[in-house]
C-alpha cells in the first residue's frame, strides 16, 4: 500500500455543489474534510454557464487549491470534486478525477468512489467498438457507455428538460456492476447516484438553498451546510435550477453498506448510513471488552489514531485506565533517506514512538482497529515491549480480515492478509503478544445496534471478514483482469 | 501571434526513428534541430518492445529532454517526436503531440505537421457517433478515424504483417482533407505520410541502417544521418524490421509544396523538396535587386535574422556594401515588466537595436523576408531613422501576403494582413520608408529555378500571396469552424 | 502567530552527532522527531574531513532532506541540524540555521534554540566595530563575538588541542545574556552549551559510541540512541575523537528550566530536565481536577491534541468519562481561498470539527493546555455549543499567561494576552463558557513533584505566568529593540 | 568554460539608475541588454526611501525579473543590478551580486565587473582581523574594507553630505589592486568608479534627468537614455539628488582599456571607450585581409556570430563574396543526454551546422574572432570539410592569445591556450586548415585608429596577446591563491 501503512484504504472522496456562486471554494473545503479518503491527487471541475473549468493535480487538496489564480479560474455556480487514493502503480495526471468528456449534448464531468467489478470486460468491448481511452479509470468506462448510449426507457420519467441526458447516464449505470457512489455535472444539472447495494456512502446537504452531495457529513460541517439525508442505495438524484428529483431506476436489492467504513474509513465525526462513526467505534470497543476482557491489565492504550475510540470504549467498559502509550508524529514529508546502517523499524518510528515512562512495567492492552498484513503490528509490539511493558495484550476492534475487497478498497491479495492463512494463535505468535483477540462478527453487528449478523440477508457488506461477495466479481471470474491496463508508460 | 513577432509561423516539426537502440536521444536531437518550427511544447513517444513510453511538456526541447531520468524512461528501438507551435489560446498539455491511443490491435502514437481543412466537420460527426475527444488537435481526429475504420481495399498491397493496421490508417487519411506530413508509430512499424499535394515537407534519412523521418534535412545532419530522399506527395511509407515499403494509395494531383518554407519557415541549411533554403533565399535577394534596385544606396542591411540571406543576395547583385545595421539580442527570458512610463517600442527593443555608428547619414536598403501585419516593420524603421539613417528603402523578399493560410501556418485573419487592404504606396506611407518594393510572383518562381508561375498549374502552394487555395477549405465553407473548440478550460 | 494557531510557539529544535559515518541521515531523522519545535525551515551542516557541507531550506524536514542528491552531498562523520520557528516576518533563507562562518582557525557552524536578551545591543556595537551581518539571527551575533574574540582565561582548561577555539566560543557566550541551548561544529569537535539558567532543554545521547546532542529525548528514540543525561545549566561540553569533556565556565546560578516545556512545547514521549512530559501533563490534569472539579459533568473532552493528557488525568481523577468530542483534521495544505461569503470560523474548521453525536445534550468539561489570545477558544466553544452541548466548562492545564516570554518563545505583546488584562470572570464571559478555571501556580509546581512554588528561589522559569524574569531583559530596558532589524527586504 | 564554448568570457555586466521612479524595471532592461556579459545569474537591489529591496537568482535576466510580484517588491527611485558570469565552480546564490551590507551609516549595495589581483591577500588579512565572509567574491572584500575603514583624507572634497561614506569607499578602493568597474548604492547616493587603468568599461547616461551607469551603451539604448560620456579611468562619480560630482582620488596612470572588448566581449552596437564595436571589428577584418589575403578564395564565411563583422570587413576588402556557410541554432535548453553511440562533435552540432549547398567545392575563408583552446575550431573545420569545401583558410581577427587574463575574464591556464605552446604552423596542422593567419598586434592597433602599438606606453591592455600585465598580479606572486576559496560546499 502506497503510504507504507498497514491498513485498508478507501479509494476516494467525492463532493458536489449546485446553485452556489462560490461552488469551487466550497468544493475545495469539502474535499479537505474528506482528505482521509484519498491523499494522492485531487481535482475540481466547475461550470460557469459557458465553460467547464478544471484543475487537477497530485498531492493534498490544500496544496492544489491554495492559489488565488487557480480558484479564480474555477468560476461557476456548480462544481464537483474528487480525492484520489490509487490502487495500482503511479498516480498519473490523466487518471485524476473528475474526468471530463464532451458529447453531442455538451460536457459531462464525472467523479466516483468505488470500483466496477465488470470494468475491464466493458472496456475491452468498448475498445473493440472504436472507443479511445485516455485513462485507466473505471470512470472513463462510464463515460464511454454514456457516449455510446441512445438512452433507455425508464419506468419513472426524469425531468423533461434533461430526459435524454439522464436516460443515457442511467443506461450506462445499468450496464456496470460493482460498488459506486457517483456524482456527475452537466451544463444543466448535478447528478448523484449510489449502486443498488449502497456499498459506498453518499449524503445530501443543503447550504442556504444550494444542494450538496458528499461522501460523508464531515464535509457538510466544514462549510456549515445542513445534513438532509443519505442518498439511498440504487437512487439517482438530479439537482437543477428547479430543485431535486429522485429516481429509482434499478431493481431493488438488500442494501449492503460497507461495515469497514465504521471500522476505519470514515471520519469519527461523520454520520454515514445513519450512524455516527465515533459512536460505532466506541460501542465496538465496549463489545470487544465484553467478549475479550484482559484480567489484571494496568492500562488500555490505542494504536494511534484509529484505535482511539475503540480503546476508550474498551477502557470504560473494562474499568481499566485509558492512557496514551504510543505517541504519533503527525508531521510527514516526502520520504527519508535511511542511514546506511539501517535503523530497525525506521518506517514505524517515523510515525510512532512508545512512551517508556507510561508503559514501563505495565500490563498493557493495545487496541487496534484491524490487522491487515500484520507488519506494523509486529513492529509496534516490539517497540512497546522495548519500552518496558510487562505484558502486551492486543485487542482488535473488528473480526479477522480474511478476504480481499473488490468494491473500491485497496487491499492486498488474499495471501497477503495475515488472517487468511493463520488462526488466532498463529497470529498471536507472529505478532509476539501475550494474548490476541478479535471482535466476533456478531459482536460487530451488535455494536451497530443489531442483534447479530442475519446470515440469510446480511445488512452490511462484510466480505472482507466473511468472503460473502454480494456483487458478482465479473472481471475476476472472466479472467478479464489484464496484467497491465495500459500500453502507455507516462509520467 | 504568440511570441509577439510579426511573422507567419509554421506549426510544427516532426521526427521519427526506427531500428536504433537509442531512438529517443536521437529524436530529441532531431527535434532540437527543428526547434525553429515550434517552441511551445515538445513530446516524444518511444516503443521498447513491450510498452510505449511517453514524455510531453511545455517549452523547448532542450529543457524537456535534458534529464537523465526522462531519457532513461524513453527506452526503445523506435520513437517519434513533435515540436509544437500552437495557433490558438494557451498550449495545454493534452494538446501536446505525439498523441497516443490504444486500439484492439495495440498502441498507436501519431504526430503531424499541417492542418486539416475538414477537421471540425469530421470531429462533429465523430462525437455524434460516440467518440470522446481529449484534445482539440487534428491529430486526434485521425486517431478516431482509425479507431472506427474497418480498413479499405488498397490497390497496392501493404506488407502482409501490417495489412490491417495500415489499411485502417490509410482509410483515415483518405477521409481527411488538408495539408499534413504525418508520422505514426505502432509496436510493429513506423509510418510516414504526406498529403497528396505535398504541402509540408518530410524527408527520409538513414543512420547506420536505422531509418529516419524528419521535417527537414537539418535534423538529419545533427545526428550524422544521410539524406536519402523526400517522401513524395501522397506517399505512405511503412518502415519495419524488414525495411521500407512505399505505397501510393491516393489519386495523384499536381504537387503544391509551400513556397513560404523557402521564404521563412525552413532553416537555411536544410534541403526541402529538393532545394537548399539558403540558396533559394539568396537567389530571391538577387531577383529582388534586379526588379527593385535602389540607386544611390550606401549600404544593404538585413532585418535579422530572417532577412540576412536575401540581403546578402541583394547586396551582391546591386554592388552595394552589405553591413549589419541592426543588432539582435538572442537572449530571451519569459517576459519583462515594462516600466510605468512605457518605453516606446519596448517589444522590438528587447530583441533589436540599431547601430548608430553604422547607419548614421547613410541611404539604407533594409531587406526583410515578408510583411505580415507590418507592426514590427514600423518600429524597426523608426529605430533606423532615429539612428540617423538619411534614407530608408525597404525591400521585401517575397510578394505581398494578401491571404491567410489554412494549411498549417499561424496567420492573422485577412483583415490583419497589411497587404490585404492596402496597395504598396499605402503600405510605404504606413511603414514610413522612402521607398518600398516587394518581389513579384514571377520573380519568386524564377528564384526557384522556373521561368515564372505557371498559372494554369502552379508548382507551389502560394495561396498566401495569390489566394489560390488548391485544397478545399471545407470547414470554412461549411461554417463548421466553432467559435470555441472545447467546452473545457484547463491549465 | 504565523500558523494561525493560538498557542505559544517554541522557536527551535537542535540536533548534533559526532563520530558516526552517517551523521547527516541521523540528524535529519532527529530533526523530524523534533519537528513540533519548528516547522518553517530546517538546515543541516556536516563536516566530511575536508569541507563543511550545508543544506538549508524552507519547509518540513521530510521535504528538505528527502532527496538522495541532498543527502549524498552531506557527507561526514559529524553534523548538526536545526528546525526553525520564526518570530518575526517572513522566514528568509539567510536566517535559516545552522549558520556557517569561516575564521582563521577554520569553519564553524552554529545552531541554537533560545533568544538573547542583549542581542540587539551587541549587534549594534559589533556593526560599529566593522562587522558585516548577513542575517537577523542571534546566532550570527555569537559568530561575530567568536570572530572578534582573542579567547578568555578559563579556570578549567579545555582539551589542549582545541584550547584556543573553545576559549573564544566561551568568551562569546560569556558576553551574551538570555536563554540558549546551543550546538556548534568545527573541523575538530562538536560543542554543546546551555545558558547558566538552563532555560531550554538539551540532552546527551549515545549511539554505538557516537555522541548525540538533541533538544529532547524523542530525537534519541527515533535513531535508537540511548539517553545518557541532560546537559547541565551553564555546562559546555566538547566532543571529539577522544571523547567528551565537560566545562563549567560560568558562575553558578539557580537553574530555571522553562515550565512551559511541560505545558505545551515538548513532545509527550520526551524526558526533559529529568521529567517525562506525558506524566507531567497527566499529573497537571489530576491537580486541575482536584482544584477545580465540575459537579454533574457528563464527559471530559480535550481540545486536541495538546489538551489530551491533561484531559485524561482530569477524567481519571474526577471519575467522569473521557471521550473525544472534537475531531482534528491532521491534513494541511498551504492555505485555502475562503469563499466570498466568508464561512464563520473557517480557520478553526479547517483543523477541528465538533462531533455532534458525542456532545449533544451533555455537560462537557473542555480541557485545554493554555489560553494565549483566546481567539481559538471562543470559536471552539461556539462550535461545541452548536453541536448541542448543554453546558460547557473549560479547564486550563496551566495558570493564566499574563506575561510575554523573551527567552526564545513566540508570544504576543502583553496587550495581546487575554489574561493580562482580564480576570477569570471576564475571560469566562469573553470565551462564553459556563465556568472557567485555571490551574494554580502551586498546583503547577505540585504536578512537577514539588510542594509548591518556592517564591524566594523558584525552581522553574515561569515568567509567562508570574512576570518573574530571572534573566535581565537588557535590550528591552536599553530600548535597543529596533523597529526593524534589517534594512534589507529580500525573498 | 562553463557554457562549453571555446571563448574568453567577460565576467559581468553592471547597471545603475538614480532618480527615476521606476528604477528597477529600467535596471532589468539594462541588464537584459548586457546579457552577453554574463548569463549565469542576475540581481537587482533598489532603495525605496526606507528599505533596500533585493532579488537575486540564477539564470537569465528575463527569467529572474519577469514576475510582477518580484518587480513590485523592487520599489524605489534608485537601483543597481548585475549580470554574473562565474569563473569557478557552481554559481551559488550567496555569490550573486549586488552584495548588500549594513554599516553604522546604513546600507550599501555593491556590484562590480572585473577582478582584484590582491583580493585573496586582503581577504586573508581581513579574516585574521575578525571579518566573517559570506561569499567568495571580490566584491565582499571591498565591503569589508569599507566596514573597517575610518576614511582617508582626499585632496578633492566630496559632497559634504556624504563625505564620510565616500571617503570610506575610496579608502577601500585605494587598497585594492586589479581591474574593476564598480557601482554602489547607499540610501543617499549612487557611486560609480573605474580602476586607474580603466580596464573595464563604464558609461554614463541620462534618462529624463535620471542618471544611468552601465557597462555599455547598448544598455542605454534599450531604455531610450542618452549617452553622456565614459566614466574616466580612476574616476569616482557620486550621483545624488543634487546631481553628479566627479572625483579623481587616485594617482593618474596611462589608461589601458581592454582591447578584447572590441574583439569579442562588447556588443557590436555599443560604443565603449569612445569607439563603436562593430566599426572596430569591421576595420579589424579589413586589416586582416590586407595582412593575410587568400588568393583564389571563392567565399568568405564567418564562424557565427562573433566572426561576422570581421568577415564582412575581410570580404569587402578582399573583393570576395560574403556568404553564410555555417548556420547557428540559437535555441538552447539545459543540456542533452547524448546517445550511447556518441555523436561525433555533438557539442558543436547543437549550435552549428555547415550548409553543404553553400560550401561544396569552394575555397572557403573562415573568419573567427579568436582562438582560445582551439577545440571548437577543430570541429568546425572538420564540419566544413565534410560539407565538401575544397580548401579551408582560417583567418583570426586578433593576434594569438598566448597569455591568461587576470583582470576579470574567464580564461584557461596558459597551458590550455593553443597559442601559448604552438607556433602558427603547428596550430594550422592541429586545426587542420590549408592556411591559418592571425592579425598582427600592430594591425590590431591600426584597426583602433592608431599607427601601431606604442610599446613603451601601450594605449590598451593587451596582456592576453602580449603578456604585458600593467597591474601587478599580487595574489599570484604571493602564492595567495587558495586551492579552494571556501570550506563550505552549499547548493
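Lettered A, B, C and D in written order, each chain numbered from 1.
We take it that contacts are C-beta pairs under 8 Å (C-beta built on N, C-alpha and C of every residue); 3 or more make two chains touch, one makes a residue touch a chain.
Not measured: the values here are computed from a predicted model.
Chemist: Which integer distance in Å separates the CA centroid of chain B from that of chain D?
Modeler: From the centre of chain B to the centre of chain D is 37 Å.
Chemist: Distance from the CA centroid of chain A to that of chain B, rounded to the nearest Å?
Modeler: Distance between chain centres: 50 Å.
Chemist: Distance-wise, how many Å sit between the C-alpha centres of chain B and chain C, to the nearest whole number?
Modeler: That pair's centroid distance is 62 Å.
Chemist: Any chance you could list the residues of chain D touching two or more other chains?
Modeler: none
Chemist: Which word fits the touch map of the chains here: line, ring, star, complete or other?
Modeler: Shape of the chain contacts: a ring, since each chain touches exactly two and the loop closes.
Chemist: Chain pairs that touch, all of them, please.
Modeler: A-B, A-C, B-D, C-D
Chemist: Would you mind writing out the residues of chain D in touch with chain B in their complex?
Modeler: Residue list for chain D touching chain B: 21-22, 25-26, 28-29, 32-33, 35-36, 39, 59-68, 71, 218, 221-224, 267-269, 271, 276, 278-279, 282, 305, 308-309, 312, 316, 321-324, 327, 329-341, 343-344, 346, 349-350, 353-358.
Chemist: Which residues of chain B touch chain A in their complex?
Modeler: It comes out as residues 51-56, 73, 93, 100-104, 106-107, 127-128, 130-134, 143-144, 147-148, 187, 484, 486-491.
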